[in-house]
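Next come two complexes built around chain A: one with chain B, the other with chain C.
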Partner chain A sequence: MSNENSTLYSKKNLPGNFAKIGQMLLAVGLILVVLAYFVDHTRSAFNNLILLMFLTSIGVGSLFLVAMEYLGGAVWSTPFRRITEFFAAVILVIPLAAIPIYFNLHDLFHWTHAEAVAEDKILAGKSSYLNETFFIIRIVFFIAVWFLFYFLIIKNSKKQDSSGDPKLTTRNIKLSAVFIPIFGLTITFASIDWVMSLEPHWFSTIFGVYFFSGTILAALAFTTFIVVYMNEKGLLIKGIKKDHYYSLGAYLFAFINFWAYIAFSQYMLIWYANLPEETFWFLQRWEGGWMYISIALIIIHFVVPYFGLLSQPSKMNPKRLMFMSIWILFAHIIDLYWLIMPTYSKDSVPLGWIELAFPILAIGAVITVFSIKAKKENHVPIGDPKLKRGLDFRL
Partner chain B sequence: MSTVDYTREISVIEGQPPLREIDEVISKPLETKPDKKFYMAISVTLTMLLIGGIALGLSFYYGTGLWGNNNPVGWGLPIVNFVFWVGIGHAGTLISAILFLFRQKWRTGIARFAEGMTIFAVMTAGIFPLIHVGRPWLAGYLIPYPNQHSLWVNFTSPLLWDVFAVSTYFAVSFIFWYVGLIPDFAALRERTTNKIKKVIYSIGSLGWRNSNRHWQHYEMVYLILAGFATPLVLSVHTIVSFDFAISILPGWHTTIFPPYFVAGAVFSGFAMVQNVLIFIRKIFNYEHIITLKTLENMNKIILLTGSMVGYAYAMEFFIAWYSGVQPEQFTFLNRAFGPYAWAYWIMVSCNVISPQLFWFKKIRTTIPVMFVIAVFVNVGMWFERFVIVVTSLSRDYLPSSWAYFTPTLTDFGILIGSFGLFFTLLLIFTKTLPVVSIAEVKAVVDGSQPSHKDH
Partner chain C sequence: MTDKKLYSLTAVFDKPDDIINAAEKVSDSGYTKYDINTPYPVHGLDGAMKLPPSKLGYSALVLGLSGTFAAVLMIYFMSVYDYPIVIGGKPFFALPAFVPIMFEITVLAASIGTVLTMLFFFFKFPNNSHPLLETDYMKLVSVDKYGVSIQADDPKFNEDEISKLYNDLGASKILPVYWDLEEVLYEHKIVEPKFLGMLALTAIIVSGTVYFSLNKLMFMEPFSWMMEQEKLSPQQKSEFFSDGYSMRPPVEGAIARGDLPYQFADKPEMAAKILSNPLVSSEENLLLGKTKYNIYCSPCHGYFGEGDSRLRGQFPNPPSLHSQKLRDWTDGRIYHVIEVGQNVMPAYNTQMTNNEKWATILYIRALQRSLNAKESDL
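Up next is the complex of A and B:
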């Protein structure tokens, strides 16, 4: 099997400036971020949280997409599963983004202040969950679990390149079955810990699902962009066609709708019931100029990509797909900004070079991780028994 | 570790039967007289229907005081049953529309039947809100129209949104089902020798001649209707969940309700479809069309949605504690350890624990075991609605008005009647229309697809 495929595939390197752009963004981002920390410590810590959430979205979300392919037995995405695997490697840099958070817990999280908790009955009630020790234990645990499954799943996939052993697929299906429920729980509690607890009085049962929907969308956008980009330049493998593009577009489209559905459900129910212990969170995102960001979020995260990918031809148009992927990544950053920053600044919308520095670093980091992996490894899982079927895939 | 051949697609229809044989097998129940088993089955379901009819007749004569509904549990069993039956309907649309958009070929064998179940379940569900209003003959006022009294419905009430959502859902499901039936009507029209049947089938087939152009239009319409039905199916149970979630009652007002209700609906619906199909495939000899693999796939979806429901239960519990809001915390402790603890633990063990057994391939592919688990799921999902409706209402904000709700015999009579109605309609369906789509099944038999390979 693997011999037959390896004749179809010969590795072609990414254009040299691809890695260079990544490194440049990474370097510029890094310098700006260090500067930002000197200029405004607290503000940078909040932006750092956006960075952490973004890298989590891309890394863990990509690993979830890989696991879904195995578990669902999908074949259409097999020819470019390796691309998603490269993005999953972003998991490895999550700790680097998490360490600054550890040193700034007091600036970020109100509940870490013992004197505030002592005065506040509700916070005191939560202190068995929201306390620094348990919080750190959870962070370490989440990241450790993600590392573990990253190494287990990716190792088998890589090994298959040379051996072509179908048993490795079976093994990965089993690993994916274990990973997916664990993913569901870790991503939920990570979002509760890192984002929801910024406003420790606020609570919403759907919050984990909300973050999950954005996560998958962002991870998928990166994969879509790179697959279309590389395939249009002929850098992947012969056989990836409009049918694959359509499926990627439809996948994106489904999650755009899913995100909107979850976001609407959360807003609608809180608005309608009008209970003060819940509404204040949305009021924060309406007053002091935040109204514009809230409205922009609806347009950027839902309306534009919805109409941009609604029609059948648009899901197969490489230019449209690439544009929409970048757009969705931008939307995800806006979403994270909207979730996190109102806690930092209630009466004005902070928009300055610091807010640019961290996304630049984030994008730079993702591209750099990707180009390092892409340089070392095959871009296509050539030993995968499903590869041939994936290339033959037709709608 | 078993070695699976991943290089080949698993056939949806086993044994590559000749296309003619598919015609024969599927239309056989329509061309033969009902046998003894059929009469036995329908006598049971008609008896159940009769019990429901009597219970309902008594309720009309003596009034709704025959039911257990009282303060503070004003919603009682009718609403529990309503949500249960609407939920059952969801699997049909998921299989026929959403899995169609996902291009899952294994849906072909079961789609028609599941859609039929959707229609019957929504019909059954529709009875409950009507009788629950107490004066069903005034239900026409739910439809907003300009009238001399300048009387308008309350547009801000989710109960009214339900009227719109469920009726739209029913209409679209029915059209979708009928459009799928058109080519089959034509096939039956050609086969039948009975004159009356021929007329009926001819009208149903709308002049279908299997021409290229017909197929082209058909495929287009089918795709568009699937695209319509998909958001509709989500909206219906979302709005049903709004009935609860927009209130401020602890245990009802929680933001995860919409996706949680949709997952629960698909969960119970799949369990019901699986239960009935196990009999259908055996009795009608459809084992090569509705294969064990199809049943296994359904069990996987039951596992997936069951886990989602379990996630929602856990999240509700955790956030109730985390919120620090006392009534919230009390409500959930009351559910698990209060007077309705028995119902709560039936719900948890049936909905969360039993489907987890489907992690094992052996259990997923053993018919008696999967049947029992799916029955548990249905029981559990009925109890889920019971727990939601009853526990929250029976102990609301005002402890002086707390009361224990006990359903009466009339309540159960109507519940039995609803099952009677559903299964009677289903049995009639099996003898009047093809329960498996003839045209679609032919398209997924191995070797019938045009080859895409570059030769």
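Up next is the complex of A and C:
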């Protein structure tokens, strides 16, 4: 504890009701989810997929943001990197959300039905990739890799709190350099396996990038919300100011545009080529009421946050940032809903308490994981050699 | 020296932190007409100088949006009004296809427009001089020093006070900057023969170079190899034949191999009587017929010839191919329909080879038999 920074920092706990809200959401969510499984099994399984993808977004996306900071040598985000690390801990609960999927494979994935594959040339052709054994192996592998890098990177970061050893930063930079391409591949294939294969005849080569853009946006939104919230209450460390807010806002803004860019690219190429084996996926999302969700998605996921964060002052305004972060999380859930649910119900938009139960559980789980972590550990990487520069950061 | 008028008093600092500190102190002391010059953008200066956010963003927004609007108008004029062409079966006003162009033109208009706004409104073009240019001060701060310059027309300007402030702040050098009288007296006009002359010269040189390199240089072959030959290229005029065509039509009455012209164009009864199917209904022929039928005929006639078209009412539905009439028709009569079409049904003579047509007919026969089997089929 000889580090110069540690004198500046004294840990302040989160308000008590913060953890309580998380636990309450978690409990309510859990009860509703169990109930939902009894009421409508298949529908719950599809919603469970949304839950799984959401947790993956937050956990793995946050770990990616941490790795980006190390690899890019960024200093502005160092003072609150620990917050993002807490969110990365959501990786640890991904398996819990994935287990129900394993027991419902037949309800979710058409390609798991051997009879269907046998009489379908296209599925038969894809069966060397899309078969249950390989699927399970892949999922276990993805989760294992995420666990591995989570523990490696976070361990070094934590160790630095007491030792302040700059070598740990170097080690994490190397780890990040390995992790980022692996992240790119695992997130792509995870999205292909969990979401794209719901329509096993359909394919889009940009799908992984599409999911990635939403992932980072959601992870970033959680970090932004908590950082602004805690900093406004003075629970972080002195020195986080408008310049940091602006950077977070700009990061969000960049990914809002990136998402729109990728979403539009995917749509335009398929619309232009007009091949029936590709267009049906978008047609599904234009018929039986899904049209409204599709249009709402454009407005909620792009138009509103775009104008909400366009001007410079809005990126520095704490209220605006917090509102937009929550908005973006909501948009990400809609995005996942739009990706997954049309396979469950083609002719109508299923909206009921079941669709609420899983997001409640998701948010509750994230907040609970966060508050457990926040209770045990420092909120700021006090041993990080970049911390001082990060606090001095100016635009 | 005495005839020179003071423009500003400048100070040079060695470290970026010093300049931020200096900027804060200078603005706190109430000076309003001053500037900071650094070799690279120093983070935090805007805040230290208490500069309000730049207004340039608004001009970028307006220009960008006018770019979007102009792009829509332009594409609308071209693809909907002036020269409408159906591309890939899309409507003339195909918004998704326009979006990339709208996006690019928005960015282009915003960026070029912003630079021009900056030039004309902020730098007051055609003014191209500034008293700080080519001073020792500017030379230092363009390399590795950080400078502040307080202008003489600042209401609080007082040389001694400012020198003292600079010294307190730890300036490494204090330099007065004077107006260059020649520059002060010079009147800038937008129509300046010298300037316009230079502009014209630049335009000629640039366009000339581009023209030469794209149209001439690119086509100069170092070796012509066998590109130049004593022969006529397609479409070239022939000096030999009196009609001037270098591409000769075949001799009258010549028939390409395997391509007997159809002789019964307006005599369906003759076709029905004389033409007969040269193919036997082998598995191979039937499979060929099935493929061709599914490609060419099924969109309108349905996969099983029942007239259930897949065109969703965009083309009149044909009658069933299972009618008594059709079953009584000879192969030659059906061949005739494929060859010349019938009313709204287009002719397929150019799309299919003769063999394929006959194979298709075999397949149609098989379809017919599937619904109306003969006793001998049992």
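Keep this in mind: the second predicted complex is superposed on the first by the 393 of 395 C-alpha atoms of A that agree within 3 Å, B and C clash if a C-alpha of one lies under 4 Å from a C-alpha of the other, contacts with A are read in each partner's own complex, and residues count from 1 in each chain.
The definition used in the following text is that contacts are C-beta pairs under 8 Å (C-beta built on N, C-alpha and C of every residue); 3 or more make two chains touch, one makes a residue touch a chain.
For clarity, every value in this text was computed on a predicted model and none was experimentally measured.
Enquirer: Following the overlay on chain A, give me a clash-or-fit verdict for chain B and chain C.
Expert: clash
Enquirer: Contact-wise, after the overlay, does A:T170 reach chain B, chain C, both or neither (first, second, both, neither)?
Expert: A:T170 contacts chain B only, not chain C.
Enquirer: Which partner does A:P313 contact after superposing on A: first (chain B), second (chain C), both, neither?
Expert: second
Enquirer: Per the contact definition in the header, classify A:R394: touching chain B only (first), chain C only (second), both, or neither.
Expert: Once the two structures are laid over each other on A, A:R394 reaches both partners.
Enquirer: Answer with first, second, both or neither: which of chain B and chain C does A:G125 touch in the superposed model?
Expert: The answer is first: A:G125 touches chain B but not chain C.
Enquirer: With both complexes superposed on chain A, which partner does A:Y344 reach: first (chain B), second (chain C), both or neither?
Expert: Neither partner.
Enquirer: Chain A residues in contact: does chain B have more, or chain C?
Expert: The partner that reaches more residues of chain A in the superposed model: B.
Enquirer: Determine, under the contact definition given at the top, whether A:F282 touches first (chain B), second (chain C), both, or neither.
Expert: neither
Enquirer: Under the stated touch criterion, which partner chain does A:F323 make contact with: chain B (first), chain C (second), both, or neither?
Expert: neither
Enquirer: With both complexes superposed on chain A, which partner does A:Y272 reach: first (chain B), second (chain C), both or neither?
Expert: Touch partners of A:Y272: chain B and chain C.
Enquirer: Could you tell me which of 2-10, 200-208 or 218-226 in chain C overlaps chain B after superposing the two complexes on chain A?
Expert: Comparing the options 2-10, 200-208 or 218-226, the clashing one for chain C against chain B is 218-226.
Enquirer: Where on chain A do chain B and chain C both make contact?
Expert: Chain A residues touching both partners: 268, 272, 274, 394-395.
Enquirer: Help me check something: in the complex, which residues belonging to chain A touch chain C?
Expert: On the chain A side, the touching residues are 243, 264, 267-268, 271-272, 274, 311-313, 393-395.
Enquirer: What residues on chain B touch chain A, complex-wise?
Expert: Residues of chain B touching chain A: 1-9, 101, 103, 231, 234, 238, 242, 245-248, 253-259, 307, 311-312, 315-316, 319, 322-325, 359, 452-453.
Enquirer: Sort out for me which residues of chain C touch chain A in the complex.
Expert: Residues 43-44, 46-47, 53, 57, 88-90, 96-97, 99-100 of chain C touch chain A in their complex.
Enquirer: Could you list, by residue number, the parts of chain A that touch chain B in their complex?
Expert: 1, 121-123, 125-126, 129, 166-167, 169-171, 177, 181, 184-185, 188, 192, 201, 203-209, 250, 257, 261-262, 265-266, 268-270, 272-275, 277, 384-386, 388-389, 392, 394-395
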